[in-house]
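Dropping a structure here in structure tokens format, bear with me for questions.
Think of it as A, B, C and D in the order they're written, each chain with its own count starting at 1.
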Amino acid sequence: MTTSTNLVYLIALPLFSSALLLLLGRIADKWGHIFATLISASVFAVALIEFFAMQGRDGLARPATQKIFEWISVGSLHVDASLLLDQLSICFVLLISGVGTLIHVYSIAYMSHDHDRRRFFAYLNFFIAAMLLLVLGDSYLNLYVGWEGVGLASYLLIGFWNQKPAYATAAKKAFVANRVGDVGLSLAIMIAFTQFGTVTFAGVKEGAHGASAAALTAIGAALLLAAAGKSAQFPLQSWLGDAMAGPTPVSALIHAATMVTAGVYLITRSNFIFDASPTAQLMVVSVGAITLLFGAVIGTAKDDIKKALAASTMSQIGYMILATGLGPVGYAFAIMHLLTHGFFKAGMFLGAGSVMHGMNDEVNMRRYGAIRKVMPITAATFGLGYLAILGVPPFAGFYSKDKIIETAFNAGGAKGILLGGAALLGAAVTAFYMTRVIVLTFTGTKRWDENAKPHESPILMWAPMAVLALGSVTSGFLLSSGGALVNWLQPIVNENHENHAEEFLPPLVVSLMALVVIAIGVALAVFKYRTVPLVAPTNVSVFTKAARNDLYQDSFNEAVFMRPGQKLTSGLVKTDYKVIDGLLRMIGWIIQTSSTAVRSIQSGFVRSYALIMVLGVLALVVMVWLVTL
Amino acid sequence: MLTSPKLDYALLAPILIILATAILGVLVEAFIKQALRARLQLTISLAGIVIAFEQLYRVRNQGSSMAAITSVSIDGAGIFLQGTILVLAFVGILLIADQDHFAPQASALPGSIEEAAALESGRAQTEVFPLTLFAVSGMMLFPVATDFITLFVALEVLSLPLYLMAGLSRRRRLLSQEAALKYFLLGAYSSAFFLFGAALLYGYSGSLSLNGLTDAIHGGGGNDVFLLLGIAFVSVGLLFKVGAVPFHSWTPDVYQGAPTPITGFMAAATKAAAFGATMRIFYVGLDAAQWSWKPIISVIAVVTMLFGAIAAISQRDIKRILAFSSIAHAGFLLTAVVSLNQSGLAALLFYSVAYGLATLGAFGVVTLIRDSAGEVSDINRWLGLGKKSPLIAATMSLFLLSFAGIPLTSGFVGKFAIFSAAYESGNIYLVVVGVLASAIAVFFYLRIILMLFFADASNDSVSVVIPPLLTRVAIFLSAIVTILLGLAPSILFDVAQNFAYFIR
Amino acid sequence: MSILTTLQLLPLIGAGLIAFLPVSNAKLVKQVALGFAVLVMIVSIFMAFGFEKSERSLQFSESRSWISAFNINYAVGIDGMALVLILMTSILVPIVFLAGWNESENGRWSVKTFYILLLVLETMMIGVFAATDVFLFYVIFEAMLLPVYFLIGGYGSGERAAAAMKFLLYSLFGGLLMLASVIGLYIISTNQGGGTFDITKLSELSIDTATQNWLFLGFFIAFAIKAPLWPFHTWLPTAAKSATAGTSTLLLGVLDKVGTYGMIRFCMSFFPEATKTFTPAIITLAVISILYGAFLAIGQKDINSLIAFTSISHFGFITLGIFALTSQGLSGAIFYMVNHGFSTAALFLTAGWMIKRRGSSQIADFGGLQRVAPVLAWSFFLAGMSALALPGLSSFVSEFLVLVGSFAKYPVAAILGTTGIILASLYVLLAVQRALHGETPTSAAGIIDLNLREKIAIGPVIAVLVLLGFYPKPALDVINPTTQTIMTHVGVSDPIAKVVK
Amino acid sequence: MDVSNYVYLSALLFTIGAIGVVVRRNAIVIFMCVELMLNAANLAFVTFSRIHGNLSGQVASFFTMVVAACEVVVGLAIIVAIYRSRRSASVDDASLLKR
């Protein structure tokens, strides 16, 4: 363990620049975007410095910590605002700041016509700060701060154009769904504190050895809920598609490359919990497997290019989650897929943004077609990303995805076959829907309006795309050559150097199987989309309908949560007035009524008053008599 | 050899001075010419009260002595109550001084030519002053009397003038006369019960004095039926005077019909005197038989507190509201009676000053709110007065808050003292009921404040007259004391505590 | 003379001074009032620096005999809890003055009266937290209702008279129940060698179980009405709807804290056994409040009643934390009180500006405010974020402490409470969406942004929320010793982590 | 004759008076019923005085008579005044003050 003094800059720089841009207001309009981009770049620089410094250290000295200040200290609960940069977090830091900087650059051009560009960059920097805090926090609570911070950033950015009610609603939906997940994280923290008396990763790890299975499973389940919320996993997946309301760079950075993968980070970071609880692991792999298919199926039916990519993201994160549930060997592959995915998916999103930029913000792929001719660079970079996500060797996805499928099969027994089968099937469907995107957008015949004048994007936009495409091509090879990433992460996620003793199938066979199903998927798509009608056909199978409707996830949520919730709310509002306040009014009414009744005794006749007195005397006498009994 | 009885004139002097002043007032009424009368009567009355108070102050340390052959016991509580009554009477007379409230010739037929003529020529009679002083003398005697004859005489001396005074209103003569009639008939009725009860107790003990009664109870052997019936009947007389349920019926009608300054004086001073006597009879005479009357008085206290609070809610006439409020307060004071401890007595002493002055102040304010036909006691027509004359509205609110027992007013301290005495004596349920009744009562006090301040003025001619100087002084004094006793109750409470004892 | 007495006297002197100013010169009145409020703030901050946080006993104590017959004293003194609450009060008052510079002008009475009432209220608000004599506390507790009553009834809007009445009746009812208990305590102390109202001495009495329970209830119901807790809450939305923004701020931000403060200061100190007996029931009420308040907040159409219901939810959290009886829960609850004060201030003040500009308090009448008045919109948004306890803002720290503190002992309650954070996001974001987002309706297009005075008013509030969110240590350091003292007194200790390292 | 019979008689008289007040309408008659009650008390005083063998009771009865006389003065004054203005001595007519 090394102490560092630089870590705080990673967060402070973007945070303060964001605050500055927001506080200065319109004064900063002219230079705000440049300033923000420079800050992001400098964060990346700091990250690189730290990375090389870490590489220079060996073994146990690699992780670096920095205590900034004592944050919360009550009773036995001590939480410092302190940061931890270890082999795992540095991967994220580099990804976030690297891709983040590229997207800053891209956005300068993409948002150039927007009146509020400065605000956009402020949000972006805020996101970077929060995301870095998420991966750098040394305790679950610090992580939680970043966790909700990125949620807020995501909310702000999805709703960047919140003058459109639908966009504002999408933002709100994302935040609320994330909050459901946050409940999970809160619970995990509470259980951890109750069990271990601490919420630092190190402390919990230490305690996990002696903890009961039930406690560990509970923490695991809670963490999984959190991950599902943030990473759009089943059953909290529904917000991601709507989140595409945000500007495309946001979709690329937050809803593809970084924030949505935070769930994977969380589970990987908590490996000591999951490794000790098979039940929790089972839940994780189930969620991963379901989501990877779920996302893939939705992806096949989306005509909105961004939503198709979003479904794909969901599915790909499903792979990562699946991998994290596979035990110590899986984490590294999950992270590897996360990193490669970060390149190719961000690249593709930026590509999509580039297409939209040239097409008057048209997102319907049925109105594209043959765009490669007018936007060759975009088409090329997108194509490279496409190959990467399919898992065509030697592109990045091949190295990461195949490993996950292979590890899934190796899980053993029926579980292994099920998981492996699901992963394999997912690969086939991925091939289908990604090919569909390519066919609909870049090849075939042009179907766009006459007034749309597609043109290649400026260099500020295509350069980042190119860099990411390069990553899509090379990252897989680089990360896996000589087990680079696996070894790098081993001290964190696989201390005991576990390996699956027996292989269900030899790696080569798995790769071949994967390639075969991918080929089938591609072929099907190419065949099916020879011709593309401008309007989506309506006489389609129930499956297509279901896929178009996101497998009815929104209808389900509406029917099960939203409408009953609304009923409950309006019911309670009525109850509050009628019952609770009504009870009070009733007391008032009773007093008022008895008061009116009492008035009638006061008849005004002196003789009746005398009679009352006589009755009073009699009552007194009776009481006296009673007392003496 | 016969010796003349030792009367201790010094101790009796305060009462005698008031009586003498009253008689002087009668003479003035008879012999002094019209134009000077009112002013002279006022001067004499106030002077008499001041001198009486001065004498009382002089003998304040000679408490614990019996006077008039043990018929009167000048003890701490007695002196304090006499002082209280004098103070209340003083303030009351300041209010009464505004002759505008009184019929120029009470005996004249309402609306008759004589009445109009008397009014026009300014030949108004001012018998109200001596009447007041006679009543005061009775009130002063009532709480110090130690035998039933003296008690009865004092009761009548205090009551008879009040019956008349209730009928003296200048406006709404019929109502005023009706009030006088009701008050008189019911008052006489209750006195008869009191007297018969006294007779029964005499039958039980063979003695007319409270001490003799106690001795007899201790000694036993008497006929318990006489004792119990006697207690019941004597209680009727006392409970009538304090306005406890079910002997309260006269209160709202008389309060409403009587001239407002008289209502104020009556409500404040009678309550002090009657509770003083009640305390003495129960503490000194019937302490030994507390098993018999404590439960009954407790029940009456409970019923009275709740009844007063609830009944007031649907009232719309300020004087009737204050009447029911006084019933509720009688309930609180009965709580102090059943506490049967020194704290209860001290609380009662303090309360009678605090409540009395606030009552005088409140009725003083009522006299100011008028239209062309005289006072407006319908609170629906008080709407928005806070806008027209904030100071008067604020003063009225102060008194109402004191009645409601809101902290920083004298009423709160009084209530607190009474409840703690009750709690101390173990009657926790009385505290709880008291608290609930206060909560109900708060409603109608606050509603008046609400009407004064938060409602818009109704479009009619109700206005606040510019107060005559003496009324202003009376209201001002009451308000000052109400606040002062709220902020620094010690100045009076310590005194009350020192004086809170009876001798046997 | 203790600095606490000075603190209480200053606003009174201010009020007295204002009474002699001409009614016509409203501006001068406001300036003098603001001057005194700022002075009080400075003195209280000065006091805070002199506060010895390691010291467990009461500080800046002063005691003078008041009503000797009952051994009632004017006794003041503060511990950490009282200190933070007094600080909050003294900081909020000038902010309220500044924020509502013109809100006194459409009232039933003069501007002068408004500020006299507010300054008197400030004296009482400081006094109620400083009092160490139960009688003194009770007196202020009840008396401070009156200025608020007149502030709501005289300067509010809508059904203000009815709202003021409901508020006062409800509070007085609770107060009277408490009076019975106060008297009970006094009598018990009399029986145990010397009647007293001194908090410290009263907490050392030995009271039998049944009596403890009854007396506890007397106090607790009063505080539950004040706080307010479900089902004693219905006065709050009505009051908040009618009161001016400044009054609402002080009512919910400070006055209602007396309820939760009292639960700690009195219920727990005097009746440790009863506290334990009633804890399950109270925890249940607290959880119901959290969820109920949140649901009702979601269902509100009026922006002020929405804020009121969010507060009911938050008071649920505070109560949960208090009665969880762990150091995290208790410290969290105390810290929550402070944060809620500022957070609610931000909400009410910004909402007040919105309402004043738009002339309506219906959320539906707003829209697209972010485009028209960005600073106002941002302020409201941040206030909303504070209400939903966003990490980085101080309310998060306290909400987390409350939940983590109660989880150890009452896991079900804590889990249910945690779901409240989802509901919180709903009620805040629904309002934000309706008011700030979407197209700007033409009727709301003329809304102008905050002026400099308003910015100066809201700035410190948000700054406090952010600063204490990042660095709560100064506050927690002061609060923690109080927490420890109370826990020791009640006789509970924190649950020990199951797995010991 | 047994002296206790006088006590019974006084009780009877008192009861008659008490009931009379309730059932009669004429103010004068009501007032006379009250006087009857006072006299019943007097009788009781005197009887008890005899029983106990002291004079206090007899003294009391003298006082009562004097007081009753005063009461008559005041009472009649009021009744006459109200009769003059209402031309009726029925107490039921004087019932404006109510509720």
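Going forward, a contact is a pair of C-beta atoms (placed from the backbone, for glycine too) under 8 Å apart; a residue touches a chain by one contact, two chains touch by 3 or more.
If you're wondering where the values come from, they're calculated on a predicted model, not measured in any experiment.
In terms of the stated touch criterion, the partners common to chain A and chain D are B, listed by label. For this pair, chain B with chain D, the centres built from the Cα atoms lie 25 Å apart. Inter-chain centre distance (chain A to chain C, centres taken as mean C-alpha positions): 37 Å.
One simple way to say how far apart two chains are is to compare their mean CA positions; for chain B and chain C this gives 44 Å.
Chain C and chain D have CA centres that are 65 Å apart. Counting partner chains per residue, chain A shows two or more touched chains at residues 599, 602, 604, 606, 610, 617.
Among all residues of chain C, none touch two or more other chains.
Residue positions of chain D touching 2 or more other chains, listed in rising order: 18, 21, 30, 91, 94-98.
Contacting chain pairs in the structure are A-B, A-C, A-D, B-C, B-D. Partner chain A is touched in their complex by these residues of chain C: 230-231, 233-234, 292, 295-296, 298-300, 326-328, 331-332, 368, 370-371, 374, 378, 385, 390-392, 396-397, 400-401, 403-405, 407-408, 411, 414-415, 418-419, 421-422, 424-426, 429-430, 432-433, 436-440, 470-473, 476, 480, 483, 494-501.
Of all residues in chain B, those touching chain D in their complex are 106-107, 109-110, 148-149, 152-153, 156, 160, 163-164, 167, 173-175, 177-182, 184-185, 188-189, 191-193, 195-196, 198-200, 202-203, 206-208, 252-254, 256-257.
Within the complex formed with chain A, the chain D residues making contact are 18-19, 21-25, 30, 91-92, 94-99.
On the chain A side of its complex with chain D, the touching residues are 599-600, 602-607, 610-611, 614, 617. Chain contact summary for the complex, chain C toward chain B: residues 65-70, 108-109, 138-140, 142-143, 146, 150, 153-154, 160-161, 164-165, 168-169, 172-173, 176-177, 179-180, 183-184, 186-187, 190.
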